[in-house]
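The structures considered in this document are given below.
After this come two complexes, each holding subunit A, first together with subunit B and then together with subunit C.
So, the complex of A and B:
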């Protein structure tokens, strides 16, 4: 219906009405600081990253290893209880190639976000990270990858303590 | 069945800190614009009147909230009235203590059915009462803002 409306009722304003002082207005820059609570499980996961460990948690009922960890098993609804360190290698389960950043800046070199299922954890689990040191044409589902870590002294207990994942040069299992 | 782990100390909690960049430009609308320009240029308060409802809107409205008629009748109201409600503030917006308490009052303006919320000064908080007659003090330098009224004071 709206496509038939050529003229909207109201008092439209143009940018120059503001710059030329034709309209009175209030200018307000609210301070919108926030702190997002990571919670018990993700908090411990992030603290582990700072120490160069990837932590998962085991469900006592179904035995699944959850990475990223959750305090309650999403399948059994029972509290998870046993923390384990998992390996830093895994498999690409999903990926995307993007030439724009989150705030829509154009990129010369694409970002390749991917969901990585780490070795040893329950199939189907995984977390999102970036791939690098790889040509976009070589990325495929099933690509074997390893974590590249930020130097220990620069880590901040954030998911970015892992810089990115890169293709595994040679299997050492 | 209870969770086997919980945080015992605040420092164990990890929080992701950030800031949302927000900017806002607020225009007061057609009636508000006319009200503020009159305030800026002539230090006068104007309201709109609905002849059908015999109701005078302050701050002015373009449409009657009772009968929805468009309001075209503008009237000047005197810059004085009575305190309808007030509060004494001891904290600022960031909840920091104020050096001196501030009084915010809703002033019912004479000759209108509405009024303005504004600061009340030159009066001790203990002496303020509902119904107290007050008048507006206009700024010398006005820029088209409600703060062109510096404050209200007892008359």
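So, the complex of A and C:
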């Protein structure tokens, strides 16, 4: 900013300018409903979740097993072709311990989103879910976790058919 | 490829504030008018308009840049809007650049505006639709999640502490004290930052730039036209942009590869072979303190994992070898998304002309780089400028 162009700096407002009615404004609450098609790849993935299975798909060119699955490998731009069932245990690769909602309300109990790399898939192919049944001090990158499922009769073919992941009590294999 | 040289010849900027009385359209006009006045032009001298603004959902107005076109002077002229998330503020002048470099136009008004405050109860609501509607939104995400995870990945990879990141907030707020349009200039300490309220660990309140309203505009001109307008044009020497996959969970977020690709494109065009020696000023995108460090590495201005040590050395201070965010950055000046990116390009313009007043980088800087970034850790946009 240079000195000779400050004629139109703008007018900052404070919260009380609104509460005291010093400025005029109007308000609108949008109604925006959508019905999203799950699509070919995610549709099959969600149907698998309903049956208690986590499905991945293989790229014929780079050989990566992709979870969540997709019709096209984003690296190779070729169609993926071979479905595989992957294990329900994995490793935390990234996480956050979240004390606020999107509108900045404080949360009593933090939400712990994490990127989890399931056992047996191509390293680096994580997907996002939540952690629970864990102390915040025990969460770390490299934590071994397992899926906790919604009871079979309550599943709706949604990502939330997996309720969350929790620390793996003991390695069984 | 035969391209014309393109110069920045004027710039204007409103104050960045938490909430402006002015509408988005009024802010847009104010910045545009100041930019034109700064180089003695009026709208009749402008051949085309490049307008940048981030999501329509901030304003709740469909195709908002068309709605804002009275303020940008876009009526009855070739007009385009650019929107690549947080990368918009550096992509919009790239649009302006190729309008002129191509030979199609001689002058272009580039204006970026953001009014985030209209969106209630919090503008973060406008960002929720960034997440996948089927696999991610049912988990109840907020925008901080991805930054928290990227910050966490970067910390974990190199063993950084929160103090390593906090020094960036301290430096940028200090620099912003001397920026007349800044929202948050001031002296704070590393302790203030690391003791600020936890939002989404490892992200704390003072790791993050403030929500703001504001607008910035530039006037671009072709080589011969630029010399008729001013004796001190600042040349756009290199431009670059790049996009990473939307599957952010499948990437190693400890390094912003797309920033490196965009920087290499811009450096090659500008003939920059040794960026650390040939660049005198850097304005990397700093919506969060760790991102300035991350982007310094992507811009090849610090070795991987060494950006915190570079900041700690003092070399990135105003009087250092390579001042970083002398403007005060998004952390200090404010973060009205698209306008914040263009503010960085405007800062290079003022610094390279020696017009930056109390925050002027000493030693007649000759070359600088500005960079922005956006979306799901995806977009990178880079401009280098020189005199």
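Structure notes:
Keep in mind that, in the parts below, the second predicted complex is superposed on the first by the 138 of 173 C-alpha atoms of A that agree within 3 Å, B and C clash if a C-alpha of one lies under 4 Å from a C-alpha of the other, contacts with A are read in each partner's own complex, and residues count from 1 in each chain.
The criterion applied here is as follows: a contact is a pair of C-beta atoms (placed from the backbone, for glycine too) under 8 Å apart; a residue touches a chain by one contact, two chains touch by 3 or more.
Owing to the predicted nature of the structure, the values given are computational and were not obtained by experimental measurement.
Legend: residue contacts after superposition of the two complexes on their common chain; A:96 is shown touching subunit C, with no touch to subunit B. In the superposed model, A:111 lies in contact with subunit C only, and not with subunit B.
In the superposition on chain A, A:46 makes contact with both subunit B and subunit C.
Partner contacting the larger number of subunit A residues, of subunit B and subunit C: C. When the two structures are aligned on the shared chain, A:158 is found in touch with subunit B and with subunit C.
Applying the stated contact rule after C-alpha superposition, one finds that A:28 touches each of subunit B and subunit C. Residue contacts after overlaying the shared chain place A:38 against subunit B and subunit C alike. In the superposition on chain A, contact is made by A:81 with subunit B only, not with subunit C. By the touch criterion stated above, A:134 is placed in contact with neither subunit B nor subunit C.
In the superposition on chain A, contact is made by A:7 with subunit C only, not with subunit B.
On subunit A, the surface patch touched by subunit B in one complex and by subunit C in the other comprises residues 11, 13, 23, 27-28, 30, 34, 36, 38, 42, 46, 158. Contacts from subunit A toward subunit B in the complex involve residues 11, 13, 18, 23-38, 40, 42-43, 46-47, 71-72, 78-81, 157-158. Put simply, subunit B touches subunit A in their complex at residues 1-7, 12-30, 33, 36-37, 144-145.
Subunit A makes touch with subunit C in their complex at residues 1-14, 17, 23, 27-28, 30, 34, 36, 38, 42, 46, 66, 68, 70, 74-75, 93-104, 110-111, 113, 115, 124-130, 136, 141, 158-160. Considering their complex, residues 11-15, 17-22, 27, 30-31, 33-35, 37-38, 60, 120-122, 124-125, 127-128, 133-136, 138-145, 148-150, 152-153, 156, 179-181, 198-203, 213-214, 245-247, 249-253, 346, 350, 355-357 of subunit C touch subunit A.
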